[in-house]
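In the two assemblies presented below, subunit A is common to both, partnered first by subunit B and then by subunit C.
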Partner chain A sequence: MDLTFQLFMYVLAAMVGLSLGEQTFIKGGIDQDLRTDGRKRLTYRPIFVETGIIPQASGSARVKLGATDVIASVKAELGRPNPSYPDKGKVSIHVDCSPTAEPSFEGRGGEELSTELCSALERCLLGGKSGAGAGIDLSSLCIVRGKVCWDLYIDGLVVSSDGNVLDALGAAVKAALSNTAIPKVQVSANAPSDEQPEVDVSDEEFLQFDTSGVPVIVGRHYIADATTEEESQMSSAVSVSINRQGRICGLTKRGGAGLHPTVILDMISAAKHVSEQLMNKLDSEIAAAEACDEMES
Partner chain B sequence: MRGLQLSLDKGQKLRFERAFEVLESLSSKSNSDASVIVADDISVNNEDSILKGHGTAEMNDRLVATLCGVVERVNKLVYVRPLRARYKPEIGDIIIGRVIEVAPKRWKLEINFSQDAVLMLSSMNLPDGIQRRRTAVDELNMRSIFEENDVICAEVRGFQHDGCLHLQARSQKYGKLKRGQLLTIPPYLVKKRKQHFHHLDQYGIDLILGCNGFVWVGEHVEVRDDMIEDLSDKSEQQKVKSWNTMGDEEVQEAYTLDTRQNICRSANAIRVLSTLGFTITVEIITEIVELSKSMDLDVHEMLGAEFYVIVAEKEAERRSLPTKRR
Partner chain C sequence: MGLKCLAQHYLKSTGPSFILTKKNKPLRRRTASLSKMEFVNPEGLRLDGRRPMEMRQLRAEIGVVSKADGSAVFEMGNTKVIAAVYGPREVQNRSQQSNDEALVRCEYSMANFSTGDRMRKPKGDRRSTEISMVIRQTMEACILTHLMPRSQIDIFVQVLQADGGTRSACINAATLALADAGIPMTDIVTSCSAGFLNGTPLLDLNYVEDSAGGPDVTVGILPKLDKVTLLQMDSKLQMETFETVMQLATEGCKAVASYIREVLLENTKQLESRRGV
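Then we have the complex of A and B:
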């Protein structure tokens, strides 16, 4: 099944095109397991994490994956839980694609990509409607059943995009969440709650999750962590979100070409393998970033 | 060193900073009196009549720099040459561009300049090699020569009166670049030299350093010089090489793993050098590729923090050696 000629221009319309020779070079590289910058098919670019960059937010992080640069921030506010899920908190995710990333993102140009990234992240972090299998454990956000809960507002900003924005966003959200400090709330016995905020450092209430985007088949092989040029040649992509226990939290398939089921299973197992390494790398980077942060403050 | 994002550990950071200190100390020996930053005074003898060039402004009877750069004086003209400028084309420059539009009788190329360059159909050799007047049929077949998004190597022919840049690609060494990858680096890192086309024999790759900051690294392509060819051979070769069909097959052929590795290594060497802000020449590139091979580094590891530090150290070493010839 040759998917080489089903090119899917993945939204980044203002991107510079590639000549036939360059396209052949990229595809041949992927076939021979030596991409244009020397990476193997499943190798990630070096990741660079900075935490605590937005002091007004409850938690924030900036992640650089090669030339892709994203910022995520978490804001925690008190709110009422959803009546159908009285013992769960709420999480709302929003992604904004800044025009600094691509000129085409100006005004409403970036909206399509934003909504797509938004829904992909939601699927990975929040799981199904009941919250089962989610990356974030919503019941830990509850304060008083049916009355008060924490609302987390997670915002992502794409500052510069060079492929694989979804992974960078996932990593940034993870780093931001591990940087989040939510105040302790004391509920007085009588009427609606009184808060006595005490800052609780390093909130760890969520399951450690991880997203691995595994862009598919440029030719007959699949690669992880594509650059913009490689993404322009891809026909479809599968993003798999895996938590620390190796379970899948969410799965998104993007792109216009159809895939054989065995290919998807292959990619899921590849994603599991890749995500372990990525998780460890991310954890060490986040720890280093937090240590740096503490030293400075 | 813009955009340098490396996670260096303590030891690496120290070595890195030390290497850059050495480099800074070396560079400040020359030219330090001529370098200015914005709003510095430019020393002029007020009695001479001086022409105020680019990057200068007169304020309160003093001549003041408006750019960061080096003061140049040519006869009566005083101007400031910026260190990091947009590419400034000159006649005879070899540049690499990407076709963005096929217009009547010309191609428009993007060359990392403030305007798009123009390559006229008449400044381009026709596929059959005959020198003749371009007809309407030639104009209709322009796409068979160059299409949108093709990478082309050409030479600056001159400027039009409206500032538009004209290119020419009449020689056999110019033309479409097919097998390889294109890199973009800041244009001030490529100095004007006699030779911009380099054939690295030991690796079997072609390296073209465009003056506009586009660098092409690709598989070696044999360049036939039309002049030397025997006229009797020409008709045979025309039968053998017909542009359209042969072109695609050439492009689709697989690369050998060796060639691909060499191409990727050279490309990574150029990426490292451009991030560190060092001038790019063939000698430096070959040195770095040799260095990475001798250290048995994986091609991808050339973009890791350790290699950056080593390259910086090596450059500091190289510049502190007494320069025998420039």
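Then we have the complex of A and C:
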């Protein structure tokens, strides 16, 4: 199939002005499986993970994917559970795009992108309305059924953006959750709840992982982990969230150009393939970061 | 340990010692009108173990946001701030364009997780707008705007961790970021805060000391020219005490200035070696 090339401008890519020569170079390189920074089509940039950077949060992480830099923090607070789901805790995700990443994010400029990233993350991590199929096991957040539960507030901050912010955020959220330490709560019989701030490292949450934005470019080629220049050239992208068991947890198609259904299925299988490597890489990075963190403290 | 835990830990540790020192007991009772807490214990140590004239540990890094023209991270103790400078570039809003000088814009925002209690609205609230204006005016004083007419310089400051003295940390980070961007300035601007608690002038207040209700003087100076560009104070002070506290803050600024110069020198040496000079 021949996809007619469309220049699709994102809020992000609006700042990138590429000459015709540069565009041809990028497209030509991708056709030959050699991108501008020397990567293959489905190779990710090197990932650096740092955990425990925000001491006053329950868990935090900073992920650098090339020049894309994001920080995620998890704060656990006590709250009342939703009356319709009395034995489940609550998780809320919020993303903020700092103007340091892009001057156009000043004031309310970054709101559009933040909302998009926020809803994409929610779709992958929070599951359906009833909380079923969520990435985080919500019933483990319940303390007293119907009365007290943990509220997790996950905050993401985009400090620097050079393409593929969604993947970096997903990785940061995963690392932050694995770094989260929720205190043990002991409920005394008379008072509504008594808290004992014993720090207990809880790793049992989150099984799933957000991965690969797989953009489509001219021809029949897909690339993973696009930089800003590459993103400005793409006509559409598909973000697939895949968990450890190889199941799809969330799917978002971004961009205006129409895609043939077989193309989408093809991209999903490519994403699955890429995500395995990425997940292993990320797990080892997170483990290394935590070990480093423990050595320092 | 979280910040709140740390404060509570110190509260518990200074409480009993205050009661036990019988010598000082009557004196303390007379002067303990402002705060029930000991900010400077009888040995002369503050809540975090510093001496009254001691500043928190400074740490700076240049060039963290590769996309920006200039960027820097500045840490004063637990306060961590990242600043990015974009410019000089074309003015976005034609109506604000000036024919003889550059337009300097600034935005200050705090991350959701920067304070102990999660913030609901990271930007747009009154405090952020005020601090944005303060930083803009301070930096405008030192940038040679007449050299870059019809252009715009954007300074974006993002607070990652707030533990008192955010205003000062922001100004110091902005100075470094402007230097990294190569924007011509008359002098670097450094800033530091000082306060007065328990009858002692204290340098570089952290969040607990700041929220004690005592006076908080923030000073911004141009160290080489020895001029004050920023001076803010809240609460009340006697005139002589004010002069002492302001002098202390100015000394703090000079200490920050020497640190910033070291960092910039180190950065230049690295650039030189990369270029093979």
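Throughout what follows, the second predicted complex is superposed on the first by the 283 of 297 C-alpha atoms of A that agree within 3 Å, B and C clash if a C-alpha of one lies under 4 Å from a C-alpha of the other, contacts with A are read in each partner's own complex, and residues count from 1 in each chain.
We adopt the following convention: contacts are C-beta pairs under 8 Å (C-beta built on N, C-alpha and C of every residue); 3 or more make two chains touch, one makes a residue touch a chain.
Owing to the predicted nature of the structure, the values given are computational and were not obtained by experimental measurement.
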Query raised in the report: Thinking of the overlay built on chain A, is A:Q56 touched by subunit B (first), by subunit C (second), by both, or by neither?
Result: second
Requested in this report: May I ask you to decide whether A:F48 touches subunit B, subunit C, both, or neither, giving the answer as first, second, both or neither?
Outcome: first
Report task. Would you sort A:G28 into first (subunit B), second (subunit C), both or neither based on which partner it touches? Result -> first
Report task. For A:I248, decide between first (touching subunit B), second (touching subunit C), both and neither. Result -> neither
Report task. Could you tell me if A:P99 is touching subunit B, subunit C, both of them or neither one (first, second, both, neither)? Result -> second
Query raised in the report: In the superposed arrangement, does A:C292 touch subunit B (first), subunit C (second), both or neither?
Result: neither
Query raised in the report: Between subunit B (first) and subunit C (second), which does A:V144 come into contact with in this model arrangement: first, second, both, or neither?
Result: neither
Query raised in the report: Same subunit A residues contacting subunit B and subunit C, which ones?
Result: 67
**Report entry** In the complex with subunit B, residue positions of subunit A that touch it
**Finding:** 16-22, 24-26, 28-29, 31-32, 34-40, 43, 46, 48, 64, 67, 285, 288
Query raised in the report: Along subunit B, where are the residues that touch subunit A in the complex?
Result: 3, 5-7, 98, 110, 147-151, 176-182, 218, 248, 251-252, 254-255, 257, 260-261, 264-265, 267-268, 271, 298-305
Query raised in the report: Can you list the subunit C residues touching subunit A in their complex?
Result: 1-5, 64-68, 71, 78, 82-84, 86, 105, 107, 109, 111-113, 115-116, 118, 122-124, 154, 156-158, 160-161
Query raised in the report: Considering the complex alone, what residue numbers of subunit A touch subunit C?
Result: 54-57, 60, 67, 69, 71, 73, 75, 77, 94, 96, 98-103, 106-108, 153, 155, 157, 159-162, 197
